[in-house]
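Scrolling down, you'll hit the structures one after another.
After this come two complexes, each holding subunit A, first together with subunit B and then together with subunit C.
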Partner chain A sequence: MKNNIEHNRIFKNEKIASRIIERQAFIVTPLDSTLHLLNEVGTRIWQLIEEKKNIEKIIEHICAEYDMDRLTIERDVREFIQILEKKGIVEIKKSA
Partner chain B sequence: MNIFEKFIFLTEKRNIPFTVNFELTHRCNLRCIHCYLDNAKTQKFRKNAKNYELTTDEIKNILDQLADAGSLWLVFTGGEIFLRKDLFAIAEYARKKSFLLTIFTNATLIDSKGALRLADLALYQVQISLYGARPETHDYVTRIKGSFARTLQAVKLLKKLKIKVVLKTPLMKENFPEYKEIIHLNEKLETNWQMDPWITPKNDGDQTPLALRTLPGQMGEFFSNEKFFPKEEFTTGEKKRFICSAGKNLVAISPYGDVYPCLMWLVKVGNLRGEEFLQIWQNSPELNSVRKIKFENLKICKSCNLVPYCVRCPGLADLEDGDALGSSRIACRTAEIIRERVKCSPR
Partner chain C sequence: MERNFSIKIADLKINLNDIFSDKLRRWYCFFLSRSHFPEISLNLDYIPAKRNLPLRVKKKEGQVFQIERSDFFAEIDFASFQGELKVAKNIYSFDSFLRILYSLYLLYNDGFLLHSAGIKKDGKVYLFSGSSLSGKTTVIRHLGPTLTNENAILSDEIIAIRKEKHNGGNYFFFAYPTPFWGEFKSSENINNQRAKIDRIFFLGNRNFAKLSFNEAVERLLENTIFFSRDPSSVAKLFNLGIEFLQQIPSYQLKATEGVQSYLNFPK
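Moving on to the complex of A and B:
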């Protein structure tokens, strides 16, 4: 079944440590003490997650800020957020 | 270059204060024989020290500034930080600001309730001082009877809650004979551990603690042990190790708001009660001088053939002989021992 995350809320895992330095997000996950580095677009998505934007809003922002077709952006953003979830960096919760 | 190396390179190059060693108090409930803070002159002051320490709000404000400056790894140290009644308020705020938080403590004041609150903080590490494998040795060093039992009890509580614990042992003449037992105790407790033989002078320059340093034979034994001897690191030793991160991507803050390049290098570069952090970090003439130090500026070390075996600390050189650009006696002694071991070890 397709994981429909559009209507779900994305939360930063409160247990992580993170900082944006020179437009790059550095994130440490607590369980494995691993340092993750996000690229420019990943960092922008991370900022939007920190601003508590849902996936629709994130896609809107990325479409407005980067010169790429919407379909690619939608696919990439969803995949990226699922990777973040898998690594324990974000939690995806169903909207009430 | 892996991500961590990239991060270190970037923060050093751009002078981003990635690591902050923040002393929350100089007060302590132990009286360790080797302590670099404790002495007769300061004891009277320390009894009233909390009146002069940064307040909760001042610390929160500093944490805001540090987060904005790009600091990520924050170490709360003391004294004994659990003597501060606002410790959890400060630590919770630090985590809310997304710092990677490590605490240094003797753990004697951590009870089950405190351990649970620490577990909620998702700390990077809790580093705890352990001075012996036996109560009589540890309590001899701390000069407080029962401290060993209390520390160990806390370690067990933290381990049960899956908190990452590192037990740190400064080796000296008195506890050296049981260092193998200390390792065994760590293995039994399933804790990570660190040991080093670098006892330092007191912060006020008092050299008394140096009499506690391990004997030459003990140092030789220590560095002949495979568990300590960083063979690969030293056989490819380069002079780059001489220039440390102090003042480049590392900064230290005292309980009174004083800012230093490092807790070992006590050149006061400003005070956070009167100035903003970035104002000090970016404009301090002392910090800018520290950042410009090159290997060629090190008076004795630049022509020393022990360089490939040496881990020199400028702060320690300053504390030992009043010259951060000079050599450090303990570093020279250690390098000589390491060179002998490298020569003797099979390739």
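Moving on to the complex of A and C:
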């Protein structure tokens, strides 16, 4: 069965500390006291997560803002969000 | 007979009932306070060291922190300013505990401890931050002879930093000396007063250059001394660090470079 991840909701982990400064996101995860620096696209995705967009909406925004093919963007956004989830920075919850 | 005495670091005091105070008084002689209004009262007792208990700093309910290691156990309430400390009867155990306590105590007062050497020259503080063997003591050795004031070295190992009002006006970052020294440990007099921070140099293998903001954040967090994983404390520390770097120019520097010439380098 296909997992329709695009409609899943992404929640920022309330325990992390984050700031966007000069268009770069800085994220600190308290459990391992690690600083994560996001690149330009990562920072844009982070902003969209903070705006409570689901994955489908995030992909739409990135497609509209960056000159890349949609398939690459879809793959990269999904992979990026899965990395954030593995690091405990976000939680992904299935839409009801 | 029980005697009390107070230690003051970065204008933050703890009051201790006497256990082995003669040694403590000598060790912290430049950081004793005569004030009768301690901010934290610690009931001190001593215990034999246990084996193989790694450091654990845990936030319990409210503002209570539990700090535990093989050679000490403490529970401190930062709301009521009361605490208990059981520590092995040696200065090194007590000193290790004190660093951890002040890492928390400072954060409650908009401050933090930084692995850094620091000197004061013409009323300004210059910080040289880095891990062990990064060259903090080397810098102090190079700069020492150029300093005219005998109180000019704040520490060669750990500096206390606080965000405070200056003359009742704007907030600035100030550096304070600490009793936490490395190999340069000096018997010279230490003036336990704050001074405004002018700039910070992060020591490493690269030649002098201005640091990008990202790199500066990474370097600052690497060198900040903090042991708690409590999310709200980590978030507060992170935001304070960002604010610090937005105000204080940061550079990279080799400890072996002609450090003196970079103190007045145009910002």
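Throughout what follows, the second predicted complex is superposed on the first by the 92 of 96 C-alpha atoms of A that agree within 3 Å, B and C clash if a C-alpha of one lies under 4 Å from a C-alpha of the other, contacts with A are read in each partner's own complex, and residues count from 1 in each chain.
Keep this in mind: a contact is a pair of C-beta atoms (placed from the backbone, for glycine too) under 8 Å apart; a residue touches a chain by one contact, two chains touch by 3 or more.
Owing to the predicted nature of the structure, the values given are computational and were not obtained by experimental measurement.
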Partner chain(s) touched by A:I83 [first = subunit B, second = subunit C, both, neither]: neither
Which superposed partner A:K15 touches (first subunit B, second subunit C, both, neither): both
Contacts of A:S33 with subunit B and subunit C, given as first, second, both or neither: both
Contact residues common to both interfaces of subunit A (with subunit B and with subunit C): 14-17, 19, 21-22, 24, 26, 28, 30, 33, 35, 37
Subunit B contact footprint on subunit A (complex, rising order): 14-19, 21-22, 24, 26, 28, 30, 33, 35-37
Complex contacts: residues of subunit A adjacent to subunit C: 14-17, 19, 21-22, 24, 26, 28, 30-31, 33, 35, 37
Subunit A contact footprint on subunit B (complex, rising order): 3-4, 6-7, 10-11, 14, 16, 67, 70-73, 95, 98-101, 122, 124, 164
Contact set on subunit C toward subunit A in their complex: 213-214, 217-218, 221, 226, 229-231, 233-235, 238-239, 242
